[in-house]
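Each chain carries a letter (A, B, C and D) given by its place in the written order, and its residues are counted from 1.
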Amino acid sequence: MTGNGRESLEIRVSNLARVEGEGGVYLKVSGGRVEYVEVHIHEAPRFFEAILKGRHYLEVPDITARICGICPLAYVMSSSRAMEKILGIKPHEEVFKLRRIAYLGEWIESHVLHIALLHAPDFLGYDSALRMVEEHGDFIRDSLKLKAWGNRVLEVVGGRPVHPVVFRVGGTYRIIRRDELLPLLKRVEEMKRRARRVLEFVANLPMPEFRQDITYVSLRNDVRYPILEGDVVTSDGERFKEEDFEKHVEVEQAKYSNSLRYRLSGGRPYCVGPLARFNLNHDLLAPEVKDKLAELGIKAPLKNAFQSIIARAAEVYHAVVELDELITSYREPPQPYVEGEVREGEAAAITEAPRGMLYHRYRIDSEGFVRYANIVAPTCQNYVAMEEDIRRLAPNLLTMPREKAQWVVEQAIRNYDPCISCSVHFIRLHIIND
Amino acid sequence: MMRRKLKVAVFKFASCSGCQLQILNMEDELLTLTDAVEFTYFLEASRATAPGPYDVAFIEGSISTPEQEELVRRVREESRILVAMGACATAGGIQALRNWLRLDDVKRAVYPNPEWVKALEHSKPVAEVVKVDYELRGCPVSKERLLSFIKQVLVGRKPYLRREALCMDCRRKGNVCVMVAKGIPCLGPVVQEGCGAICPTFGRGCYGCFGPSIDARPEALASRLREVGMKDRDVARLFKGFTGWSEKFRKVINELEGGAR
Amino acid sequence: MVSGGIYSGKFGELRKLFNALRLRGYRVIAPKLEDGVIRLKEVTSFDEVPYGWEDIQAPGKYSVREGGKHFRHGPDAPKRILYPPRLELFRLRPDWSVEYPKERFPPTALFAIKPCDLASISVMDRVQGGIGDPYYLALRKKLIIIVENCVEPGATCFCSTMGTGPEARDGFDIAYTRLDDNLVVFRPGSDLGVELLSELNIEPATDEVLRKYYDALKNASLKAKAPFELERLPDELELGLNSPVFKEVAERCFGCAGCNMVCPTCFCFDVIDEPELDGGAVRVRVWDGCFSYTYAEVAGGNFRKDLWARYRHWVLHKFAYWVRQFGVFGCVGCGRCITWCPAGIDLRETIKSVVEWVRSRGGG
Amino acid sequence: MVEGRLIPKPAVIEDVVDEAPNVRTFYLRMPEGYPEPKPGQFNELYVMGVGEVPISVSDVTQEGLVAHTVRVAGRVTEVLAEASVGDVIGVRGPYGKGWPVEQAVGKDVLIVAGGIGLAPLRPVIRHIERNRAKYGKLTILYGARAPRHLLYKYELEKYASIPNTELLLSVDKAEGPWEGHVGFVTDLIPKADIDPERTIAMICGPEIMMKFTIKRLYEIGLKDNQIYLSLERRMRCGVGLCGHCQMGPYFVCKHGPVFPHWFIKKYFWVEQI
């Protein structure tokens, strides 16, 4: 601790801004010692577990999508994949491609929203992105155009950007025609340019000095940058199947929060999301993305949580490049979806939501109705890490003016792009008795 | 045209944030709009907040805790025009499906310490708590309707958006009726237009996220679906979706489920 | 050479005719199979026209099967082309000057539409005839119509009762009839039709062909009947204004206005005035229908707030009021409102019941 | 693309008169080429970006201003009511068939108006006043909810001073000093001095009021072909194209809004026609 700082600090933010959902943060340092760090999540519980019980498996993707309006597709995909495992369905390869197309569209939309509208203002000291327009108009315009294009992808493939309607267990409700997708490519080169510029912009943002000591966790499949499939890998060297996820995590509850918190076995805080994916899969990024990163002097792994904005921008660029390939190679599948034989069973699936691994586990009965569900959202997994980061930042905070310190604390939370609506919808292993 | 900037606030209650996101999704219009509109309270977008009164307050989410009930009353007092935005705010949302269950059971099923969790007996539409001036329906709300609504307020007009059955819009759009041609159950005949008929466009039946249309007759649709062979419980489940708690759908659901509350 | 008569040729001549239209620069709109439904869409190749497919229609039900001899019509009527469901009419700038949307009226050929749809155009002509919709009139002026007479009407068809089919009488450029797999009868109905036919390898129909032709159409005519007669129908229906039948049927109706939308002659529209951020405004015309709740609503109330009244208005308009307004029936017997009613309500049954009610009370 | 005459053209508001609660009269300087409206015709008034509303002409002044008396009732009239002198609104018209002022020449004229229904009849009173010699007795029966709801209060008494004119007023509720009748406007019919043989009746008001009026007129001996009424419907386009204003086979906008009773009675009395 440096001598020119204070000995104590108390920060109480009851309503966090520029995050998705309702949360607050409380920090108390006294005598140079952190007394407590509490990220409060007071988002009203919506009891999805109660709602899912007794619903037909085909309805589950649409219902769970409503857990989050920013990454609804992630919920659709994790739940669809889990159901497909139960029913023994293997969707057509082109359907898989379509899912990836849509998912990448969601990544772009969600990431750019966070980069430009929620996170970037922090680095430059603005209250909101709308106030950045005058000085950083190009960046905002690039971002809005990218975001619009990401939304457009979702509109074409799914009908609308928020809560798209076309995906179902086994495939899509109707065949998405190639001629519907192709017009997206008209602006793909423009989008690559914009994505490059956004990456450059965020790479040059003033970064607070900070080094995390934390485990990064993501999917990895060794073939593509992970979205829809892979094993779970950790920066501590573990690798396990998605089915075994629950064996490798510990769950705890804080009195002050409506969200559960997850640690890796042994009580290790961990981080999922763009930073983790980037650190564990940067070798799978598109070559032009890698080149650009090298040019900007950015090397994996990134251990500063504030640099998550760079990982996010890199993923946006990667998404545009990969969308170009996927759309170009897309061919219409022979049928929109594969129907499975309804049977009793249980399975789990993980996909990479924009904010990180989204775990779904279901058991259905012989008629296809849900008997049991468990969902672990990325924000629950990053929960401990958020508090951990603030704890580590505390000494620096003591040297700052109070206003600034509060801002940095908020920013430390925004680093994770927390999705608070998601976080309260963990689903316990309880089964409601009729 | 009004010259003073319109003071707009966006409040979130029990919801997924998807409707607020639709405001941020007006990428092209957002920058033009900020010439005429000032978001004085919009936490998802800005740290800076200004106290009321507001010209327009958009309410996202259902009212499901005692605190939310408090807050929405305060917002009402401070707002000239209060708009319930989205299926949660207008019909209780998907989370209102818990309204058919006993709250104690629901809490116990979810939380190890149910006594810590404060929740109202029902997840309620805003209009069950305070007076709502306008409803913008949908899960999520339609960006186009939202924009049209704001433009209409800007010219000082009482906003008007058609509220007829989705079928009209669906057929105008040139979609083939999925019920007739594919035998797919569809809520389109009794659901309000506004989404652009996307579900039928993408080969599936409407799942009702815009709620009942102005003169909806869900009971007639329900008996037709039974007539063509659907089981009562499946018909009930069809209505029991994102706007199942809306008065008209609730009634049909309860009839089909045989007097459940 | 071809003049006014009846000619026959092989199926291949139809392809030639189709190609001749395309060569002359017409946008050809024809039946086309899309996702299991026969649509009316722009077609660039004759092979897209679903010869060899058949549609199966019943109240509230529609499907297609391959191997059938004759298709009828899908949900799209020519109205969709001539009278678009949504049309921007004009923009007003803040200074009240007017800006029109750019429009092109490509010369259009309707190919293989059915006699009932042809009749619907002539009904629309009367409606639009006087003051008229300029968009409609501009497109209409350049329209070529090739009609396919119906040898096998569908289960919801009643053109024969309405006098609009199964054989087209007038208003077409060419009418053709497929008598069997490789025998087609052609009739010109205009100078242009004569000109087009003169390019085909066809000859005056022999007596045998003629006999076949008349037999086929007569058989068809017997099939496409509704359980009511037109004679005195407008008066009888007006005597049935207070019939309980409307209320009974409306119990099953959803009020979705789907019938209004698929009806080839329903012409009602609503205008939507939208403000622009610059202080101007835009006016858009959209199809409206008398089933919609707001249709007859005014600030002080709703003239037809109950669905049964809206249902009654629709039936009466088509079969009674229309005759008084435009001198023809508003219904052409295409049966779309029956097939495409998600509630499966059969208009023919309603009319029959109302007439029976009127007669049972000694009216009519 | 749309016909020029279906596009609203700008008209300037030259004067605004507060008539009654929620009721105002707008005097408009009409655009070039606008034909003089006949008594009983209406215009479509348009507020930029807001919408159109059919409003009867309630006067044409000697300076050529065209008056429209508007009751605030819907989303267009609400905005319109806020307009003030100098504002520009859109107009198109005049539309519809007016009152039978020609057929009534040489006859007695009976006017029965309820509430805002006096507005489209005011031009008839003006017309008779200006052509007094051509008509017999003029009887004006006018009813409103309460005295403060009476239109044109500043000139109502003058109507009584038109030669050979009888004016009887009625209100549902007196609310203070009131010398006229309290009750229905139809109660005035037996009180007035009407010669059923030589009278043309012109009625405008809520549909229910018009129906009662017709019944009363039958009672004193008027026949269907002596009775005219002005109907309200949703007149959207004004020219019989959009379909909304149909009543039975009639497009109220072009076949009406003024109809002889014998012409429409077959439909007019049918519930929710």
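By definition in this document, a residue touches a chain if its C-beta (ideal position, glycine included) is under 8 Å from a C-beta of that chain, and two chains touch if they have at least 3 such contacts.
All of these numbers come straight from a predicted model, not from anything done at the bench.
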- Task: Chains touching subunit A and subunit B alike, please list them.
- Result: none
- Item | Dominant chain pairing [most C-beta pairs in contact] | A-B
- For subunit B, which other chain has the most distant CA centre? D
- Query: Whose Cα centre is nearest the centre of all Cα atoms in view?
  - Reply: B
- Distance from subunit C to subunit B - Cα centre to Cα centre, in angstrom: 37
- Query: Just curious, how far off is subunit D from subunit A if you go by their C-alpha centres, in Å?
  - Reply: 65
- Can you check how far apart subunit A and subunit C are, centre to centre, with Cα atoms defining each centre and the answer in Å? 52
- Item | Rounded Å distance between subunit C and subunit D, as computed from the means of their C-alpha atoms | 40
- Residues of subunit B engaged with two or more neighbouring chains: 151-152, 155, 157, 203
- Going by residue number, subunit D touches two or more other chains at 48-51
- Message: Give me the residue numbers in subunit A that touch at least two other chains, ranges are fine.
- Response: 174
- Just say which it is for the chain contacts: an open line, a closed ring, a star, complete, or other. other
- Message: Show me, using the given definition of touch, all chain pairs that touch one another.
- Response: A-B, B-C, B-D, C-D
- Message: Could you list, by residue number, the parts of subunit C that touch subunit D in their complex?
- Response: 89-90, 92, 94, 96, 98, 100-101, 103, 131, 133-135, 138, 238, 241-242, 267-271, 273-276, 279-281, 283, 288, 290, 295-300, 303-306, 309, 313, 316-317, 320-322, 324-325
- Query: In their complex, what parts of subunit C are in touch with subunit B?
  - Reply: 35-37, 39, 60-63, 74-76, 80, 85-86, 251-258, 260-262, 270, 272, 274-277, 279, 286-289, 292-294, 307, 339-344
- Task: Would you tell me which residues of subunit B are touching subunit A in their complex?
- Result: 12-22, 24-25, 27-28, 30-31, 34, 39, 43-49, 61, 64-65, 68, 93-95, 97-98, 101, 105-113, 116-117, 119, 123, 139-140, 195-196, 198-199, 201-204, 207, 209, 237, 241-242
- Message: Quick check on the complex: what are the subunit A residues that touch subunit B?
- Response: 15-22, 43-51, 53, 55-56, 59, 62-63, 66-70, 72, 113, 117-118, 121, 127-131, 133, 140, 144-145, 147-148, 151, 158-163, 165-166, 168, 172-174, 253, 255, 258, 336, 410, 421, 427-428, 430-433
- Contacting residues of subunit D [partner subunit C, same complex]: 1-3, 7-10, 46, 48-52, 73-74, 77, 88, 90, 206, 232-234, 236-237, 239-244, 246-249, 251, 266, 270-273
